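Each chain carries a letter (A, B and C) given by its place in the written order, and its residues are counted from 1.
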């Protein structure tokens, strides 16, 4: 265990022997950090509020939490979590393995996230969002939840496996981004999309099958993206894609 | 007074006896923190610059400032201010009681804000904005001020009582969002809107009276939202709505 | 040299005698801070990652880095850099003199930036962006780089001298914002624009020459903005505009 002398770590926290904690970080009591995890500087993990209920914050093995990030208690992450800087994650966020959360992203809690999901910088994941596996969400995308703000009739967004949402898109309350869809930049999506299609515009319309988009280097179809993009995924993930391909092509 | 030993607090700051200040926070000299206020970790209050003029930063009673927030000197907040994390508030921001400012929001200063206003996460309030009472502004909304950027001919936005601005909307310089209006997500609003109407699109158009929108649970009209949404408001606020209702229904 | 006692500064860092470093900031070894520079609180400079290659972070003379900012090693800035709060700048960012980077802005690295560029709050500069001199980019603008996300076929955006991009605009991969163009708020720009024109909408269309826009105070044409806006520029910059004017009017 390598804890910087300026870090403030509760003796009640459950921290594996080889965890690294950077300068000026704070780890509260209800935190579990698994083996191989690194927490950089100015992070605060295990923040409590009225809704977090004193439950544990669990971070899986081999995770990396970059500086200035804030995690509440009461959330659970699989192995291999990687964050950018200044990430905020509220209570009751349940995520699978190898989630990546970009700088400035704000996960509002009370949501479910599958395996190998990538949030780029500055995404906003509203409460009650349900996100599948191998999803990509790009900068300044907002997943909303309130059809008549402000109200108590919240209805979260669903984003299914292999879907891609491009930058500055708003996903409206209750929308379902189906498997393998691509939502173009600066769109507003409502309702349920058809699997494997491109949607774009505000309001977003169905354009054509994503498989018709070709990579600019002439190497073939751009979607499903799993055909050509493998950077950062372990063998185990790529093996799973074999099955995924079948269902979306 | 409970000041964490790592906090750096000017002896000239005026801090009530029961204020709580978290680890690694910095309180400069021109700061007044009223009774019952809590400042979490990594906050810096009372930052000075060329425009703040050495005036006081005053935070009202019973306020909560969450971690990593930055407030300049020369701003005044009523009682019951509540912020999310990483809020930035510049000089000459004058706000009434019970303002809520969501995580990552950026208030550029030189603006006026009424009572019981709610800014959700990541809103950008440009200089010279004037915001009434009981206003709601949702994530990634930007209130602008420069019709011909960059210029010195700034003209702020006005948002009147009970208005609601949904996510990812740009309010153009000099626009007036009138009482009880709802601006839909991903809109751009110019000019003056008609009170109580829904506006949507880019450029935003008048759609229909907000009172025609029905809650999805079948319980009736969604607007004025004060009819069904009372969470987080004290009795005093709800009593004021009686009068507000009259003027916008 | 005035280094706050709580700052953590590597003895290998190369710091000029008159540099000021605020409370709780961290300066790593591969950092060069030139004379007259101030680093405020909670900053971390010289962060390393797999791509930064152990190269120096160089900050030019008379710079001001505001609180909570993060800079990676392997980037170079000319004299007079000024940042807002919570700025994140990744490796291999090469910028000229007097760059201003607003609060919350996220510069993803691997990009080139000219002299006297102004990024307002919360801009996102994607990798491979190339930005000229005297450019203005306003809040929540995103410069993208991946035509078929996620892919390895990135193509950055070019923004030429004196161009202005208004708030909440997405610049699509490979787009070229030509000299003296104005892109209106909430637009999506694709392809190459014609120099000196206004573009607006999603997708953005050519509207009319920017020189036809008049300032609201009746003092004449709003563009080229160098005609009337000089705040914050030194004599040396204004002299260069003489030449710039010729080429864009």
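Quick notes on this structure:
Just so it is clear, a contact is a pair of C-beta atoms (placed from the backbone, for glycine too) under 8 Å apart; a residue touches a chain by one contact, two chains touch by 3 or more.
None of these values were measured; they are calculated from a predicted model.
By the residue-number overlap criterion, the interface of chain B with chain C counts as different, with under half of its numbers used by both chains.
The best fit of Cα atoms from chain A onto chain B calls for a rotation angle of 120°, in steps of 5.
Centre-to-centre separation between chain B and chain C, using Cα means, comes to 28 Å.
Multi-chain contact residues of chain B, defined as those touching 2 or more other chains: 24, 42, 68, 86, 104, 122, 140, 168, 202. Remark: chain C residues 6, 23-24, 41-42, 67-68, 84-86, 103-104, 118, 121-122, 136, 138-140, 164, 166-168, 185-186, 201-202, 213, 215-217, 222-223, 225, 228-229, 231 touch chain B in the complex. Those residues of chain B that touch chain C in the shared complex are 8, 24, 26, 42, 44, 47, 68, 70, 86, 88, 104, 106, 108, 122, 124, 140, 142, 144, 147-153, 155, 168, 170, 172, 188, 202.
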